[in-house]
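Dropping the structure in here first, questions after.
In order of appearance the chains are A, B, C and D, and numbering begins at 1 in each one.
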Amino acid sequence: MALMRFSVSLDEGLVRQFDAKIKMDRCPTRSKAVGDLIRSSLVQTEWRAGDEVAGAIVLVYDHHKRDIVKKLTNVQHDCHDAIISTQHIHLDHDNCLEILAVRGKPGEIDAIVKCLKAVKGLKHVSLAAGTTGERLL
Amino acid sequence: MALMRFSVSLDEGLVRQFDAKIKMDRCPTRSKAVGDLIRSSLVQTEWRAGDEVAGAIVLVYDHHKRDIVKKLTNVQHDCHDAIISTQHIHLDHDNCLEILAVRGKPGEIDAIVKCLKAVKGLKHVSLAAGTTGERLL
Amino acid sequence: MALMRFSVSLDEGLVRQFDAKIKMDRCPTRSKAVGDLIRSSLVQTEWRAGDEVAGAIVLVYDHHKRDIVKKLTNVQHDCHDAIISTQHIHLDHDNCLEILAVRGKPGEIDAIVKCLKAVKGLKHVSLAAGTTGERLL
Amino acid sequence: MALMRFSVSLDEGLVRQFDAKIKMDRCPTRSKAVGDLIRSSLVQTEWRAGDEVAGAIVLVYDHHKRDIVKKLTNVQHDCHDAIISTQHIHLDHDNCLEILAVRGKPGEIDAIVKCLKAVKGLKHVSLAAGTTGERLL
């Protein structure tokens, strides 16, 4: 992929502030720092625009809860098109951390989150919104 | 304030995507769009770093609720150092929208929000995190 | 408005945790704490559902920037239906904190934020999403 | 774990609104809906309080970018105490979705996110904040 060079004009003080932040974040170059801000804003736009996106859904539950494993498996199979794979961690004797890698339209992913939330016995559901990377070069 | 010009190198496709977003947002120039992203990230840093910040606290309440106006006034006077001024809107016969302009350390502003939230009868409290603009040029 | 009493059954440990948080937040009763959580979740639903909402838009800018006051005034007049009133604070010699009390459909309020963001010279725009309180009793 | 029953008194209209939302979300009972709100607020408190938490970090990158796989592996090995396991999805010919299951103090997890963000060639980093479930019954 070809690199493109363009220049921006900003108040000197703002650039100094930005440089300080870049250094603090140990970000290697201004170009990377500007690119990261642009990419983040584009990922937000993808989710709002309804483009195909990717991300992770995090579940925490006690596997002793009545039928919870069966119910979560059922929900996941109903949505198998959008759930790519699952990672399961035994946090302790009782608690499970389950992470679903998902890909689809934002609406489909929201629907999965809603179905999972309706399962009794779940302690926590959260979503990390990501991207398929296709439109982010 | 002097303008400073610097150039960034990014993948061409990413710049094209960004240009499309800039156009959609009717943002006049790339420099402004990059500057806006930088300023937003710096405001977040100010709040995390504990620098002096500014913003607005939004309250919604029914003024008929027992003593609520008195209680809210008391909390606000206890915190008069950080509350600059107040704007009050009569939304309808019952509901009030009250907006407090605030300025101080993030910890002080969080403490005000907490005290306000503890008042019985409040329907809603939210915060718009802003900046004093001093470090943002 | 009539009070309604209902009971909930939750794991004892969870209730103990919640009680500790209520105490830490100096919230007076469990009913208020549960009511606050319910109201917050309903305000989010109002914004997603496109119901009429209210809130505050926070602007920070340097009033010396060329034509910025004029441009901001123009945008605000174009959207005068949704902007109820404005509060202006002189933060220092240069910086202004301007807080717009707004009311309307979420889409209208987002459009105002977008128009304001497109104005050159603005340092910061943020939104505190609130409610008209009408549906929140 | 023993169930505990307690009752709350709220305005009737608010309970009606909440019931409508519960139905829309297909949540089975009021107790579950109240418990979910309480658990979410407690997870936020855990992250602010610096308690041990768990969650997922989502990375998206083009594996063709120079040395990116090596660099990401290095960062992950430097932080192996907090990274439990990794899930890797080949999104397409170029793009990878990598999901790290993490556990540790919020400060440790933020530090990992920061180190990962500093790697050149990454398209996206996001975090789903979760819980170890230990304190959430």
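Note that in this section a residue touches a chain if its C-beta (ideal position, glycine included) is under 8 Å from a C-beta of that chain, and two chains touch if they have at least 3 such contacts.
If you're wondering where the values come from, they're calculated on a predicted model, not measured in any experiment.
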Same vs different contact residues, chain C with chain D, by half of numbers used: same
Cα-centroid distance, chain A relative to chain D, in whole angstrom: 9
For chain A paired with chain B, centre-to-centre distance based on mean C-alpha positions, whole Å: 25
In chain D, residues with contacts to at least two other chains: 39, 136
Arrangement of touching chains [line / ring / star / complete / other]: ring
Footprint of chain C on chain B - complex, ascending: 25-29, 32, 36, 39-40, 43, 54-58, 60-62, 84-85, 87, 89, 91-92, 94-97, 99, 101, 103, 114-115, 117-118, 120, 122-124, 126-134, 136
Complex contacts: residues of chain D adjacent to chain C: 1-15, 17-18, 21, 30-31, 34-35, 37-39, 41-42, 45, 135-137
